[in-house]
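Here the chain labels run A, B and C in written order, and each chain numbers its own residues starting at 1.
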């Protein structure tokens, strides 16, 4: 699923956002009444509805109206709202977007309130709170939840291949020969005549089950595609994060890793990129077309929900430096600069970021809340549902995460890197071609 | 055949020839014409002309969301001339347009004739129109799923037939033909209906005359049906060509410009530059170029096919 | 089949019609093929709509519904709680189906009526009246068909905002209300083909243009106008982008926008396919009914006597 049509509208909205800032009204008006709150994940709606009900009970003069909009239309509708003056007072914000929104002065800085109300920023999982401080040094959101990457695997396929869960937990990877990760992937790959990928006579052009599923080329971030590998070599996307000004796609270390990654498809262990433009990767996994899928923790519900598929989750492999790596992405709740209910909105955001609400979210076992204590409760709730999520939490505990790259010009960087990465992953261009794309990218920051 | 032509002409006198009241009409219609086009004129000016003029202005500016548009003269246009992605998008769009015209017009004309001559039932006609009842976005999503390489039902049938699976959306060779096929699938019945309506408008006695003259089926088709159908065919052709040039939503919800740049059609590229990357001036300039191309294409079509004149007149 | 056909001689048919006619058989074969291509995807839509969403992927190619269930239809009508929906692998989003349906009907009807009527007036002026600058103005109107819609969306959105009509039905219908270039082009082509005899007879009688338009032209062009109205209605019914842009709030949200909740709810997620397909079927239903009712009328109003 790519961009939605509605995104056009978004663009429209951004363009006009200048005119959107309206004066804030008197403080009496600003602290009561109905506030609008938006989120995109329908699976989280019940949890947040309960938060809203509890909140209104504690603050009878504030009502929260929650609107859920799917990811495909979320950002376009939101931007329209900024332009048209109909944006929600509070909304779920994403790291990939907030830099631009802050720059366009659409977000309310909440430093004063955070200070005044003594919000303990150290209670959140490390790094999450800092993500929401903009280039101007102001805070534009309070952390809500986080996600990391893990390996979802088909238990039945592993069993029939004779691969144990212990083996899965101790995978290693390096860009030269792929380590035990590649061996396991090769062994899990089965061609139409039943031959495994590491057996002689394996027909790489007629594969029935791929060892590793593929979501796409991964464009600029490779969040679920390749960053859990490339960043174990010591490589990172940018010179610093957040707010780096130089991308590193020209690094030979990175290009070597990408060369290995693209090679998997060539060996027949991973679907060719051209075959992945269609159904979602999770659906093809459920259909038995791949044995392992590297995917984000927000997909746990999707994977464990399929009927007739037993799913296990393993941590991403250990890299050449002896450590695992996972992109660490976090969401936050932000306030629209044009809100007329400033005080009520701040109250609601602080409530969303508090243990009262995040524990409720944790109890539903859908995502991991940002507060450390609530994260543990979520892990316990997942365990109660029979899902072992240590593969995801381990990254945070062991500090093997790296942050989602936050820079300026993210949309343009993506526009350049998407076709470039597609070309590499599909084998149409060598990994060294990324050097040229990197030059284009870095030219944006001059 | 000559008798036929004479007789059909006599059905409706040619208006351009001087006749009884010609002089009177020449001058007298302007006022009433203004009345008749007034509502359409409002819509035309407010919702088409004004935004277009604004867009043309923006194409000469650098307009990056922040701040006001900044006049840069021809800068966007010279940059576009050197932009390989722009030329790529032209080539990709051209391929799509060509496939669409050939597939859609040929299939629709065939279907319309079948509707007209073999199957008169409304049910059949309605059935053929079914795909058009689905919105573009949904149709694209449906096929996106049915044509999936790994779990799509179409590929399952292909495999049962003993053929290799096809990466409809992902392979560079198939990506554009697939988009064209989806569009053809959705519009085939619709276009056929347009042509069919044109066939209905041909007076029956023209055919009677042809029969009396002993014309064969193919003669009737070539000498009567096609010429009398010309205004409608031109309409269909122009609409198909223009519509095809503006392909956007099926690409946006499926392949999103990829693989690599294989489906980065011009409208999608405009969207990407103007909206995703907030480079409004640049996107507007491409849109102006697209507009000029379309105008040229439409002009040529009207000129060569003489769509303005009806042979009935 | 052949005997019935022989009673209605067709221009394409020849005198050997009594026996098996290979050309006719081929024609029918082609028609059947075209019908199959049109209809089979709908059967797949139905099959998917009657499946349980989280069983779909594991039964991707079974031709029958995967774990038969009406759950998807319940979701479309808002009869399932979020928890029930999620348990079936569906979208837990809430939708107010009947409200969206009402909005869709209002939006499509008003825009269709306005666009067709005003376009017909303009088309009449372009086809039947003689005035200076007629062709130039027509070319200008036609030129709007060449303007990429993406180009005008932003300024139009701004205009509606400045008129303070965002999230109102009026704001949604305004750009479509006065004309569509296609409608003018379409009707003009038909008016050009219309016999002038009746019209001129009326002229001689001293009838005014308005009367000619309403009493002669419109009734005589009933078939193309009905066709156009139907096509316009379908187009408006499926309009997605503009209503999303201008009418995203619940009280004016139309069906196509509302049913977007079945698309992917999270990045890289999978859509609620059974919900989406059930929604597709249900949202196409009103148009289908309209066509079934209306389509016959088009045929009848023309009649086939001329061809026979």
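In this text, a contact is a pair of C-beta atoms (placed from the backbone, for glycine too) under 8 Å apart; a residue touches a chain by one contact, two chains touch by 3 or more.
In this text, all values refer to a predicted model and were calculated from it rather than measured experimentally.
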item	value
Overall pattern in which the protein chains touch one another (line/ring/star/complete/other)	complete
Higher-contact pair (C-beta pairs counted), B-C versus A-C	B-C
Taking each chain's C-alpha mean as its centre, the one farthest from subunit B	A
Computed distance of Cα centres, subunit C from subunit A, in Å	39
Distance from subunit C to subunit B - Cα centre to Cα centre, in angstrom	16
Residue numbers of subunit B (touch at least two other chains)	137, 145, 151-152, 248-249, 271, 274-275
Multi-chain contact sites of subunit A, meaning residues that touch two or more partners	1, 4-5, 8, 11-12, 15, 279, 283-284, 287
Residues of subunit C whose C-beta touches two or more other chains	57, 60, 150, 154, 240-241, 263, 271
Complex interface listing, subunit A residues touching subunit C	1, 4-6, 8-9, 11-13, 15-16, 40-43, 45-46, 67-73, 76-77, 80-81, 83-86, 215, 224, 279-288, 295-296, 298-299, 301-302, 305-309
Interfacial residue positions of subunit A with respect to subunit B in the complex	1-5, 7-8, 10-12, 14-15, 17-18, 103-104, 217, 271-279, 283-284, 287, 289, 411-412, 414-415, 418-419, 422-423, 426, 428
Complex interface listing, subunit C residues touching subunit B	10-14, 24, 27-28, 30-31, 34-35, 37-39, 41-42, 44-45, 57, 60-61, 63, 118-119, 121-122, 124-126, 129-132, 134-135, 137, 140-152, 154-156, 159, 174-175, 177-179, 181-182, 184-186, 189-190, 192-193, 195-197, 200, 203-204, 209-210, 213, 223-224, 227, 231, 234, 237-241, 256, 263, 271, 273, 276-277, 280, 284, 287-288, 291-292, 295-296, 299, 302, 304-308
Sites on subunit B touched by subunit C in the complex	11-13, 15, 20-21, 25-26, 29-30, 32-33, 36-37, 39-44, 46-52, 54-55, 107, 110-111, 113-114, 117-120, 122, 124-138, 141-143, 145-146, 151-153, 156, 185, 188-190, 193-194, 197-198, 200-201, 203-205, 207, 210-211, 217, 220-221, 231-232, 234-235, 238-239, 242, 246, 248-249, 267, 270-271, 274-275, 283-284, 287, 290-291, 294-295, 298, 307-310, 312-313
Subunit C residues touching subunit A - in the complex, by the definition given at the top	52, 54-58, 60, 67, 82-83, 86, 89, 91-94, 150, 153-154, 157-158, 161, 166-167, 240-241, 244-245, 248-250, 260-261, 263-271
